[in-house]
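Look at the two complexes coming up: chain A is in both, with chain B in one and chain C in the other.
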Partner chain A sequence: MAPPEAAPLAGRRKRKRRGAARGGAGGGMAAALLLLLLLLAAGPGPGRADAGQERRDALREELLLSPLPTGDVAATFQFRTRWDADLQRGSVSHYRLFPKALGRLVAALGVRELHLALTQGFWRTRYWGQPPLQAPAGAELWVWFQPTVTDVDKAWKELSNILSGIFCASLNFIDSTNTVIPTASFKPLGLANGTDHHLLRYAVLPREVVCTENLTPWKKLLPCGSKAGLAVLLKAERLFHSSYHSQAVHIRPICRDASCLAMSWELRQTLTVVFDFFSSGQGKKDWSLFKMFSRTLTDTCPLASQSKVYVDISPKTKEKELLEVSPPPTSVHEAVVQGDKKTYAVYDLLSPSLFNTSRSLNVQLKWKRPQDSSEMPIPTLHAQRYVAGYGLQTGEICTLIYNTHPYRAFPVILLETVPWYLRLYVHTLTIITKGKENKPSYIHYQPAQDRRRPHLLEMLIQLPANSVTKITIQFERALLKWTEYPPDPNHGFYVGSSVLSALVPSVTAMKDMDVEQSPLFTSLFPSSDGSSYFVRLYTEPLLVNLPTPDFSMPYNVICLTCTVVAVCYGSFYNLLTRTFHVEEPSRGGLAKRLANVIRKFRGVPPL
Partner chain B sequence: MAAPLVLVVLAAVTVRAALYRSSLAVFIAERVEVASPLNAWKRVVEGLALLDLGVSPYSGAIFHETPLIIYLFHFLIEYAELVFMITDVLTAVALYLAIQDFNKVVFKKQKLLIELDKYAPDVAELIQTPMEMHYIPLKVALFYLLNPYTVMSCVAKSTCAINNSVIAFFILATIKGSAFLSAVFLALATYQSLYPLTLFAPALLYLLQRQFIPIKLKSKSFWLYTMQYTSLYLCSLVVIICLSFFLLNSWDFIPSVYGFILSVPDLTPNIGLFWYFFAEMFEHFSLFFVCVFQINVFFYTIPLAIKLKEHPMFFMFVQLAIISIFKSYPTVGDIALYMAFLPVWSHLYRFLRNIFILSCVLIFCSFLFPVLWHLWIYAGSANSNFYYAITLTFNIGQILLISDYFYAFLRREYYLTHGLHLTRQDGTEAMLVLK
Partner chain C sequence: MLPLLAPRTYLSENAMGSTMVGEGSDLGPRALALARDFGEHRRREGGIPVSWLSHTMFQLGLEVHSQPFARTLPFPDEAHERYLVRGTNVFGVLRAPRAASTEALLLLVPCCEGGKNEQAVGLLLALAGYCRGQIYWAKDLIFLVTEHDLLGTQAWLEGYHGVNLTAMQSGPFPGRAGAIQAALALELSSDVLTSVDVAVEGLDGQLPNLDLLNLFQSFCHKNGLLCTLQGKLPPPEGPSGPGYAQSLRTLGLMVLGQAGGAPGGPHGLFLRFRIEALTLRGINSFRQHKFDLGALGRTLEGMFRKLNNLLERLHQSYFLYLLPSLARFVSIGSYAPALGLLLLVLALRALELWMRLSRSEEGEGEPPVGEARGGLLYLVPPILISVGAGAALYLLPVRGQAVATQHFPVGEAEAVVLALIGIYVAGMALPHSTHRALSGGGQRGWMTLKLLALLALALLLTCLALLNFSLGFLLGVTLVPPAAAVRPGGNRLPLALLLVLTTPGLSLFMAVLLERELLEAPAGLGEAWQRFLGALGQGLLQEHLHGAHLSPLLCLGAYPCWLLLWNVLFWK
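For the complex of A and B:
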């Protein structure tokens, strides 16, 4: 669909040209010449490019509102910019919808796929269900590079530094001590020729705090900024007053059409936020857009080719309709998402009928009667992780993985990245399911190197139906140099979330959908077939205390230890260089001789 | 003589076997005083597990044993407890035989010197009698086998026991006069933990003395023998290192074992001086101080060789003590080795100045280590300085103990040549002073 503003743009340019010609005839020669020069230099280029590219990029935006079983509400924004151009060729100089900063980055550093997520809070899968997109607490970055990139580590370092600048995040702290190369967990989500995992880099910064300063640059990448469309709802004072906030950027190459002969680039900006209304909203679970964002939707982004709001109104139990949404939706969409049959009320912001009745759209949801929370659905796959043990010498990382599927077993890939200062002992790794040892069918372990590389443990574990698998591994806490501790050393050290990737068998059969037509929230992860769906889960990050030296006494320690060494040196030096002598009566020191001289004068016998 | 030794061995094996079966074994194995990053059994098991996973054990920062140790335990992992008990017994027997032989040498030398009238006339009470010397080898074995430090080291399955065993065999070979075996065992000991390199000097001195080669820089036979011994040592070292290379087909073990020993990256607390010092060190001085601290082990060797060239065994003892004080990851097992030699110098007892205080210091520190560790790591009511203070005191105690023995040794030598009852020029009782 042609963006509506293409025509006015062209028109404006024509008018300007005409104006310049008139100015030249009229007078004010200098100004006119200058304008002419400018136009000659800049005018034709974009003009030519426009003609070809107008129809080649498109923006789709959508908002998914889903009430969570606990009474919280999750809002997931997705903005997808798709561009039918080959960024890698380097011939692209004119950017329209696709942000130039990211486009140049992809071209310059040979990025094939880029996934960056900045998250505050933790998605509680057990209570909130499977998220459309989960991210670990803190910052997560994983990138596939092109096979043409020779020095991947250098490109990775450069990339993380540039992204750090673009998103005002501390991504520049990504270095070899927190970067790993997973072999199985992270496959390319877009088009990929080979999956040589040496082109992949993955890093998590669990300590990263996400705030407004990260949201503003993220919003600036949107074609309409936060001026129009769904993005008007993104107000920092509301978004960060929530129990979970996750913003992400995904760049990947995709097939241009079904035949997949040419490549397009896709930029997805997603933002998920969970509002806790149950505790902050006087025990009521009712919500509206205004209550959540203190804004309503008034107009659409003129650049967007699609702009929709989905509200999850799927009934929990078949017979009772528990909730009602107002205003009435433009349509109802039914789909099988993550193994569940879901019903969505759809508001198409581009349909003229929507803004006809009222000037703004404030979606509201009311529960008809209070819901009993006992019948909370439990997701098929969820996990939990904690640190066991006491004291500051050793400890144990325990991960519990639940498969609640009644009759299907499925495998899960567990990725564990542990910083080097927790020294993992892989021989203590135990995996126990239903009281029996569960042997992983694939295991990749890369031990840490002090101050250089973290531990990486990847395992493929078969989860039997209706089971809990307990994975434990022991570690030893290292004593670091005093300069290696953060300013608040007794706060503890974070260990990034472990990543679970699985193809979860679905209870309900899914239909093959056309990716371009289906809602965005269903289409990031490729679905293999109708019987299972892909899930990536992140467990809790861990906070581990390490023994600390006394930070106030480097000088004392240096002095005292050196004294001990000097005691050894001194006594050995004495014994080695001197020999035993019989103590002879000496002629006395200077004082004695002086005294004797005086005594001589006095006529007293000498001492 | 063999019967008491068998008894001692039986007692030692019983104690170890009982401790292996008790719940104390786990507690002892976790103690940082007993197991350092270099020789902890947990890390040996980890190395073997990594090998099983197809990962090079040296690709991580956990495993720092030599390739020969991996291959030894690759086959003997099931019998580890037995291996460590046998190692301890072998060490004790080697020390027993070595000291037995050494005593004979001492006795002969004493006899020769008396016959040559080299001793002062009134030193009869300083002369070691065969009666006194009879039980020394047994006492050495006893001191080694039943020393709580050795017992704990064995129960924790610290590979320090293996290093000690190699050093004991090296001493035995040296005393027996076999230059070849001595060089081979010295190369093995160097290969295992690097620092025994310094024992080259006392071994060479002892062998020269045994061959009646005068230690003179101008003498040709001295240089010939030295070159011979050096080349034997270097050849065996090269052979062992190449063998390790062929076992794993990579040189990774060199930085992972020797680099780890020399650059001290792991600051896990132990009884040594390095850990807290480098935890608190300013980053840009770190390299300088690593050099300064490492040089301590090697630094005293040449002056000691000059001063003690007539007494290579005492030199060996002092050098062993210096290694165990100044090595980067010391454990109580290292201390046990040089403490086993204390009965050999029991005739110095009358000249020791503060043996009572020093033994008290060492014993009390040994008890305070676990107490202060508990307060720091588990109770949280103390901090790292408490444990550090104890390591300092313990090391001061060791240093003073060794210098006291050194002092006593030199003093006895002086009395032997100058007579026990020294008089001044004016005939009064004289004091002996170091000048």
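For the complex of A and C:
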């Protein structure tokens, strides 16, 4: 399953040698070239020094460490492989950094954009703030197909099955009952000519459990595997000893340069973990790379053209310099991310000075004085969702959306996908803001069909400044057929997260940045102008109990029925159909005749 | 005989049974220190110290929320001395790592007036601190401290589930944690304990799944706690007279408690929302062997850890059972036939009357003069009057309290209870006055009326038997014999006496006496009367505060049925 690129340096050299031998004209020529290449590869900065064909793909990796307002620490890894080749033409046969498994998938199934996220846990936006990339609990997959694809549903089915194999996830459970076609929420993130939403498919599996088996294939897609560079930190036993774990793969076409005359393909692999230092450190909130990952950084991935560690040291309150990082960073980067001015300490792993003093890099952060912040910054947009009501007949899905911006109103698109076995009553849909009804300016509702497709509700709602909007819709719980219940039916049934997409007005003005030069975590979502930034937010998944029969009942019924049939029906049938007649004494068989002969001798009457 | 009727309890849930958990906490000293702090702050603030609790919970690493609520009672509650109630519930949520807040477990401590439950709050905080350091949680844990015990719990549950069942006013509900799978309520007022009493009966006689009780019992065994049910020690092992008597007393107390329909503790309100719940009460009596809070803390920790392992809601074991002791139960299959046979009496009586009625129709070709007139119209007045009396009994005491307090020198609560008794007794005089106004239907008249009364009673008791077995059983035992026997004419006095003795009101009085007897603290008539008056007031309040069904059932169901029988007795 591992693509050929996922091998350490030695392997790469061997492969390159092979490639050179194939490309060479004659024997002696080849030997000379080989020597040259070997010399080149042994030189400093091998990733950047490659010439010609190899220049066309590049790997940038970075790790963003950000202390969260609650004292937890979020670590976000981003690995970007960019390839200046056109995968769709089908002419590509030689893969270097870009994983072949995914590349061929994109080419074969006409995928234009692919976003897959596997998440264990729930990102608590209210307390942790906005993440660079959010994902719903469970598995999420959304794909834009090329306009050339004729049967999108078939390609979608095939794609989910292949991805299921690649990532060892239950993506093969994606079928028509949990796939929807959103009309407004999911726009292409990369280059796109048109946005005909019939080419889009979106599905969430909230019950999916993410574990090591999903992490290993994800790591194998990295050019250096987990042998060198930032990926050495990706050890499963630490990554899953955390409050939140989310890994994602994003593939999209992007502009090759500013003029945008040609297309490149970008693969972004991201992984976000939140470490809870409260439970492990007895209330001490100092942390280090070693404490988090039980490893330190020792070398760089030789294939990477950029390898950086960013530490968010922006002052949380007015007082500056609350925290202290060591060793001293190579540079300090200032940027406006999601409406906030942020300061990052940057460690460039490729700069030779970093590993000069010590053989390994262990970034440490110390709080100069203990945090006494019971008041936390509240993000501008956050949401909460729950099931109201009790009993097994009806219920109500309530979504609360908070806009805490002091003076700006902004619209938000809400996407709600509800399985068919919760029968939504659309006439009960109410949207209330500040005690008044709030009419959505756009509404798209597709009712469910039993056992075929889920409900899809998309709305564009204006959120007034400093307000809470409550959206409620009532539902009835369906009684399933008894074979349709999953194992553990009394656990309940999941309803996937609803998706909020919004352009949130920022407090600080953003200046235009060169997308190619800015850190990776800022550049997946396009920012339209300086005054607002894009936020996609997921609410909690819901667990709903449906009326569940007593499953020992069929067994009882079968036993009872069989007994009734056997005893009553059997004997009645016997009585009714039997004909009684007096049997004439016959001559009898051999035994009887024999017995009679003996009886005759004894002088008793024959039988 | 007993093993057959009341088998030993056993854990049915595999997720809790086979998995062993170790308990490592020693919370005793920490819990006591926190309890002292809490008590100090409460005395200083004169109520629940919201800010101290929030701050402490935040320091422990929980996500803290509070919910203010207010409630005006329909009439003053004399037992708890409250009328306008204002309070705040404080709760902290421990978010389970790598879980999406879809399931939760809950620990509840009601924080009531007068220095009670301080140690329980201390233990709750200590346990929260301990649990925060553990990594194995798969469900969120909610640590809730409610004010004004049941009122606060009701407000919190209504807020959490986004419904408004009673006239509770509460603020916005800030933090949720998905579907609550199980809840434990803790009441504890001393530093050391001799035993732990467990209460199971919930609102309207609902019971939690038997597995939750089994879980508690198994941990009591493991940690060497002495556990009691209904305040009764477990009966001695083996067949013995005293053992049976002890079991019978425990069973009797449970039946009375369940029939009353009042929640046996704060846990009782959870059952409506399908959250399995128990109340644990720490008891400190004059027994020699005492244990500290650490042992109870370990029990709670172990129970939460096992509940944390649950894959599904508790559903494997019995929901309908009676408990003669903590280790034995009577399943519905054993006790339901008894009530079924009782109800069969009513059905057979009704059938007999029906046959007699139809035979007299066929046999006497022409009805006697005076009976043909009006058809069944003569039945309308007694039925209307009985139902009307029931409705008056239900509505007037609470609605008319203002009028009563204006014209009579009584307080609101007294007015309500006295009006209740007055209307009840006045209803018994109705047959005489109605018969004076209307002439009856003769022989066929009373038979038809009795037939109707029997059918109504049978319907009522059958429904009750399904919803609240104990109530149905007690009403059946008292009402079925007179219902079967009652007839006009002849010597009315013994029948009248029997009917009066079995009227629901007097049955309630008898139940009060019997309960004191079973608790081995017999009450005199005067004390019983006081308790009876209190029970009437509380019964009415239960309906308004928690939506209990007992008072409407008795007023609109049992009382009119009884009045119909009373009418039959005095038929002319």
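Keep this in mind: the second predicted complex is superposed on the first by the 500 of 607 C-alpha atoms of A that agree within 3 Å, B and C clash if a C-alpha of one lies under 4 Å from a C-alpha of the other, contacts with A are read in each partner's own complex, and residues count from 1 in each chain.
By our rule, a contact is a pair of C-beta atoms (placed from the backbone, for glycine too) under 8 Å apart; a residue touches a chain by one contact, two chains touch by 3 or more.
The structure displayed is predicted, hence computed values, not measured ones.
Contacts of A:581 after superposition: chain B is touched, whereas chain C is not reached.
In the superposition on chain A, A:534 makes contact with neither chain B nor chain C.
In the superposition on chain A, A:543 makes contact with chain C only, not with chain B. Contacts of A:355 after superposition on the shared chain: neither chain B nor chain C is touched.
Of the two partner chains placed by superposition, A:525 touches none, neither chain B nor chain C.
Contact with both chain B and chain C is seen for A:390 once the two complexes are overlaid on the shared chain.
In the superposition on chain A, contact of A:276 is made with chain C only, not with chain B. In the superposed model, A:491 makes contact with chain C only, not with chain B.
Overlaid on A, the two complexes show chain B and chain C touching the same residues of chain A, namely 390-392, 548. Those residues of chain C lying in contact with chain A across their complex are 54-55, 58, 61, 63, 95, 97-103, 132-135, 161-163, 172, 176, 178-179, 272-274, 311-313, 315.
On chain A, the positions that touch chain B within their shared complex are 390-394, 420, 423, 425-427, 443, 445-451, 455, 476, 478-483, 547-550, 553-554, 557-558, 560-561, 564-565, 567-568, 571-572, 574-585.
Per the touch definition, chain A reaches chain C in the complex via residues 120-122, 124, 127, 137-138, 206, 240-245, 276, 278-279, 282-283, 374, 384, 386-392, 396, 398, 468, 488-492, 494, 540-545, 548. Across the complex, chain A is touched by residues 30, 32, 42, 45-46, 48-50, 53, 55, 59-62, 265-269, 273, 275-283, 293, 296, 300, 303-304, 306-307, 325-326, 376-378, 383-385, 388, 392, 395-396, 399-400, 403, 406-407, 410-411, 414, 418, 422-426, 430-435 of chain B.
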